[in-house]
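Order as written gives the chain letters A, B, C, D and E; numbering starts at 1 within each chain.
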Amino acid sequence: MRHPQLGGAGLRRRRRPGPGHGQQHEDVQRRRSGHHAARLHGPGGPGRPREPLVAGGLGVKPSVKPVLPPPLFNARCKACWFTLAVLALVVASFWSLDLQWAGLFSAEGARAMGRFVAEFWPPDTHAAFLAKLGPAMWETLAMSAVGTALAAAAGLALALPAAAQGGARAVARTGLNALRAVPELVWAALLLIAAGLGPMAGTLALAVHTSGVLGRLFAEALENAPTGPADALRAQGATRVQVFLYATLPTVLPQLLSYTLYRWENNIRAAAVLGVVGAGGLGQLLAFHLGLFHMGKTASILVAMLILVALVDGLSDRLRRWMAR
Amino acid sequence: MHVQLEGAHARHPAARPEAPDALRGVGLQVDAGEAVALIGPSGAGKTSLLHALGLALPLTQGRLRMNGVEPWALNAAGLRAQRRELLIAPQTPPLPPRQRVVTAVLAGRLPRWGLLKSLASLFYPREAPLAHAALAPLGLADKLWDRVDRLSGGERQRVGLARVLASDTRLWLVDEPLSALDPTRARDALQVLLAAARERGVTLVASLHHVDLALQAFPRVVGLRDGAVQFDLPAAEVTPERLAALYAQHEHELQGPPPVADAPPPGPAPVPMTCR
Amino acid sequence: MHVQLEGAHARHPAARPEAPDALRGVGLQVDAGEAVALIGPSGAGKTSLLHALGLALPLTQGRLRMNGVEPWALNAAGLRAQRRELLIAPQTPPLPPRQRVVTAVLAGRLPRWGLLKSLASLFYPREAPLAHAALAPLGLADKLWDRVDRLSGGERQRVGLARVLASDTRLWLVDEPLSALDPTRARDALQVLLAAARERGVTLVASLHHVDLALQAFPRVVGLRDGAVQFDLPAAEVTPERLAALYAQHEHELQGPPPVADAPPPGPAPVPMTCR
Amino acid sequence: MTSLVQTHPALRDPAWRGRLSWALLALLLAWPLWRATELNPAVLLDPHALSVTGRFLSDFLPPRTDADFLAQVARDTWRTVAMATAGLTLGWLLAVPLALLSVRALSQSSLRGRMGRGPSLVRQGARWVAIVLRSVPELVWALVFVRVVGLGPTAGVLAIALTYGGMLGKVYADILESGDATPARVLLQQGSGRLQAFAYALLPGNAAELSSYTVYRWECAIRSSVVLGFVGAGGLGQAMDSSMKMFNGGEVATMLLVFMALVALADRVSRWLREALA
Amino acid sequence: QTGGVFRITAIPDESPTELARKAAPLVAYLEKQLGMKVEFTPVTDYAAAVETLVNRKVDLAWFGGFTFVQAHVRSGGKVIPIVQREEDEKFRSLFITADPAVKALADLKGKDLSFGSQSSTSGHLMPRHFLIQQGMEPEKTFRRVAYSGAHDATIAAVASGKVAGGALNISVWQKFVDEKKVDPAQVRVIFTTPTYYDYNWTVHADLPKATRDKLTAALLALKADTPEGAEILKLQRATRFVPSKVENYQGIENAARSAGLL
């Protein structure tokens, strides 16, 4: 974008000495900005001379109108086209799907949904069932925690080259794309064959897919981080790893932690996928009882999941608050 | 705006338990339209005092009154209304990266704007002439459309000052407005600030490390040390002795640390505080 | 370290196309062990010059030699080895939030550390006594274990200086090291810096807005304006006229914005550049 | 130097003991978790397992590329993209208010030192809504809606919208809280409104991160379209699921390639967006 | 309520593509017979199929015995089975294995077993029922119990050696053997259950009587001696359709209750 009146030649030209010149340019500028103002704000808009509240308040006579920015469309053109493209995609999506909203907002619809939700009450709290729920919770917690921890380590290792410049970047990015393009279910099927039924296959399936996800999120967080501290160390000749440890990591740590914890939460829920590999946990219980319309039991399982998710959510909130203090 | 602080104690929420309060019994009274300079050694509590005055740091003891009312006793809406009347310009202006100068300056007017106007202004700056008028006396008119993260240190600082000028408030709390400016621009900027405050009848409290400028430009100077007011005098009565006492090193700063292996030698006798 | 710059032009990668280069033909030669002060108005290019000397901003034209070699002609490893010999202390020290003072200071030693040691030091600071020794003369010994984001502005700045002192390099490029310090601490910090540089035979280039301190403490002063060297003289030969010319406002800064309405009468004659 | 460390208490790291005990506690907790997952890498290297895995993988080659199947995949792909886009759009509309309500950096009352009771309750409320929205599995939401809107994409899109609303809401809030809160604080201190502080202080610094996360979620929505098959909405996820169950490697391989292309596209868009915002 | 379109769905005991392929000629036939547009929507979740019929978002559904019982219970008796295949009156399940060491059900003890879907009659409920009758409570007897989700997936899982044993319905097994998709020498049947009533076509009780009668008649009229009927019956793996009634499924309901699945 170019600002014909500002920053560039316009001002420097005006610097030439001589009162006559100064006067003349001031006039030129007034005319130009007046023109702009009229175009952008319409007559009487902010471009017009104003009463001294603004400028006069500063002790400045509004004799010179500031130069206005380039026309709106030009300035934000890229953004405009992008927004248009997104809007087009959204409209096309809704249009091609032919969604049925009608029933949703009717009283009858609300009642039908309400009846379903009401069936979840009361949750099943028989000792026998709770005795099954406890180990399942533990198993889910273990699979998701270990899977996420492995993934965080692997993701970080991949994110470093993926966020750096150079040849390794493309390779690392492709690797990350492949890891997460393959859904957990496919990884589960593959690992099921390699590792047999059981939590190990489930944990590894979670870990492999999640490292692709975390790797990407980490890489972008690293790229979006302010570079000041890192530049300072780099200019000093510190190695890449040192720059990362002493400048970038402390800056992005809250972000990385919150992504990791968030993914952990996600994996607690994703454990549903893992029922298929016989890995058990809450996911398999949920699929079993929901499929059989055991609403009370399903409700208890949902509550158990909610508790785990809320625990992790609370942990992440705590950690952030602790770090932000 | 008339501001009155009595026996004010304050501490930062994140301060270590063993750290002393940042403010320890500050009493201060500033009349409407008055201009006061705040001086004192590093860590004395200047910033903390400005934050206390600016309702950004609640008092743990003591009392703050603004135009007679106690703002902390107000309900949320009242407190917010009170905040709209004042403006803190921090030591290093916390400008978000990627923002443009015009937006950063106009942010000073947000409290006067409705939501719609503020959102619209993100897309096309409203009141750009106002931002321009605030930047011009600081010599930054030509940076109006630049991005703040592409400015030099002194330019950023002046953007922070321009936000003060553009705002429409009754109390300006300015924290070291001149630290990154060269002597000429520092002097000019201070004058622009003082003139604008005088003209609009705004109360101005500024912390400064430029003692000479403070003594010269402000009618009244407050010396702060260890979280307490050490003197509060007309500029003419601030003697070199007082200043020497104000800025004297703490003993532990001079002796405290254990004798260290290869510390640089004590250095030649301290440069006396006169120039050239 | 001997540094030589010839006809250097440089511009910031993010600068607008129509903006002039930040450096426009700078020639400068600094001998090993010499101490040079860099003064000039805001936006003159002081920071840019320091960055060019510090291999942080490549030249678009001209030549830079360090101890006779052209660092930009070296391969990546050579360039990094060269960088290890120097240290830039930025205007506002960009300290990552939540880092502790000890870590921030010891970061100055990273180039001398292996990977394992840097990792271990994150868990238990190695060489903490060294950090302590660097902080002590700056009066910050008691903040060794504090977090940098809980320091006052001047304390943060001194942490940046302590990093310089703790580092083991041959060329120090210090950008406005005193801007947030009160006069006493500014003077002391400068003495500490100069003494350490002298003792270790380090080349020191510091940009300063404290003209009086610069003239007093540095043997040689370089005046920069509009990206070019305006004078390069022994401190004794820098006359008030030269300073006035150096800091004079650009015409557009003076005229562009309209005459300030009732600007304070042209200022009680420009503050003479002496203290008190 | 070591002797100095020992002699001068001032030079002993005060945080060390805390760090050590936290690390030990973490190890203590990690061990039973590790045991529970029965992780044993040796199993993977067992020659029999390797040969079975090799056979499974060799099934994937060559990908199935006959015209009929490709046309079917193309139709499924568009359907998937459309459902993901629609679901994400609705979820986004839900997420933005949730995020804005739960960001502490935008709280007026926290300027007093700690958040007031009322605002803190609102914030907790918003966070709980987000938790419930995202911890109830998509299948349950789908079953709720299928009773009213019948089989087809509507129930699936709504299920995605609700779950993703909860997820986006949480992650947006996290991103906004992880950054530098000072600019926003300064604006609030000056009496600006919440939304104003958001638009003028938080958004410029975090726009890149927010948009790159949104693009990532879109990509996720495409992949997670398996859930849409539950209610008969079709799409790539459903097709992949059934090919997988049938051990039809060639078909799975083709669809995986499509997934990878979509993911790479999303990656591109995200990079472009971040460059434009930087 | 369904807007002039007659909607059909089916439980996903096979993959949705397979279901859609099987349904295509039947849909065409019913369109002709009913004189209205007929739409078949495959789903991948048993519960979703039950819910849609119970709420009358579809008119006709292909249910297993157990799914029918579930729908019957959940709708308060408002679903009616109209026809079933002749084979469904004497349906059986099988246990298969690919492990040479396993000769009988008892040899599976301590090994892994895979059912089909948890909502499947022939893939889960009845095999579980007969296991319990033999004193083998699955959760206690086997090392791990997995749910493959569908009968064909169970065969694949057993064939690849992922699980030692699998339980599935006889007709899918027959199809796999006929189409040579599985090698009977490698994967062997070790136990065949006694007979029970299974699949049926179910409608919602609110479907107009006239439509229901027309539908029943159309299905019953399918004969293997017309080319159209032959094709449909072959795809449905049926010799012919016979009328069905609620009482047929009492046994399954009892089995489900005693296995704790209902």
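Definition applied: contacts are C-beta pairs under 8 Å (C-beta built on N, C-alpha and C of every residue); 3 or more make two chains touch, one makes a residue touch a chain.
What you see is a predicted model; the values in this text were computed from it and never measured.
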| query | Hey, what angle do you get rotating subunit B onto subunit C on C-alpha, to the nearest 5 degrees? | reply | 180
| remark: By C-alpha centres, the chain nearest the middle of everything shown is A
| message | A-D versus D-E: which interface comes out with more C-beta contact pairs? | response | A-D
| field | Whole-Å gap separating subunit A and subunit E, where each centre is the average of the chain's CA atoms | value | 44
| message | Between subunit B and subunit C, what distance separates the C-alpha centroids? Give it in angstrom. | response | 24
| query | Per the centroid of Cα atoms for each chain, what is the distance between subunit C and subunit E, given in Å? | reply | 80
| request: For subunit B, write out the residues touching at least two other chains, lowest number first. | output: 13-14, 97, 133, 136-137, 141-142, 146, 192, 195, 199, 257-258, 261
| note | subunit E touches at least 2 other chains through residues 45, 47, 55, 148-149, 160
| said: By the touch rule stated above, which residues of subunit D touch at least two different other chains? | reply: 1, 4, 8, 10-11, 52, 56, 139, 143, 147-150, 152, 180, 226, 241, 278
| note | subunit D contacts subunit C in the complex at 1, 4-5, 8, 10-11, 13-16, 19, 180
| said: Under the definition above, what is the set of subunit C residues touching subunit D in their complex? | reply: 97, 100, 102, 123-125, 127-130, 132, 141, 144-145
| note | The answer for subunit D against subunit B in the complex is residues 1, 4, 8, 10-11, 108-109, 111-114, 116, 180, 182-183, 185-193, 195-197, 199-205, 207, 277-278
| said: Residue numbers of subunit A touching subunit E in their complex, please. | reply: 112, 192-193, 196-198, 275-278, 280, 284, 287-288, 290-293
| said: List the residues on subunit B that touch subunit D in their complex, please. | reply: 13, 54-56, 58, 72, 76, 79-88, 90, 94-99, 103, 107-108, 110-111, 113, 115, 118-119, 122, 167, 169, 257-258, 261
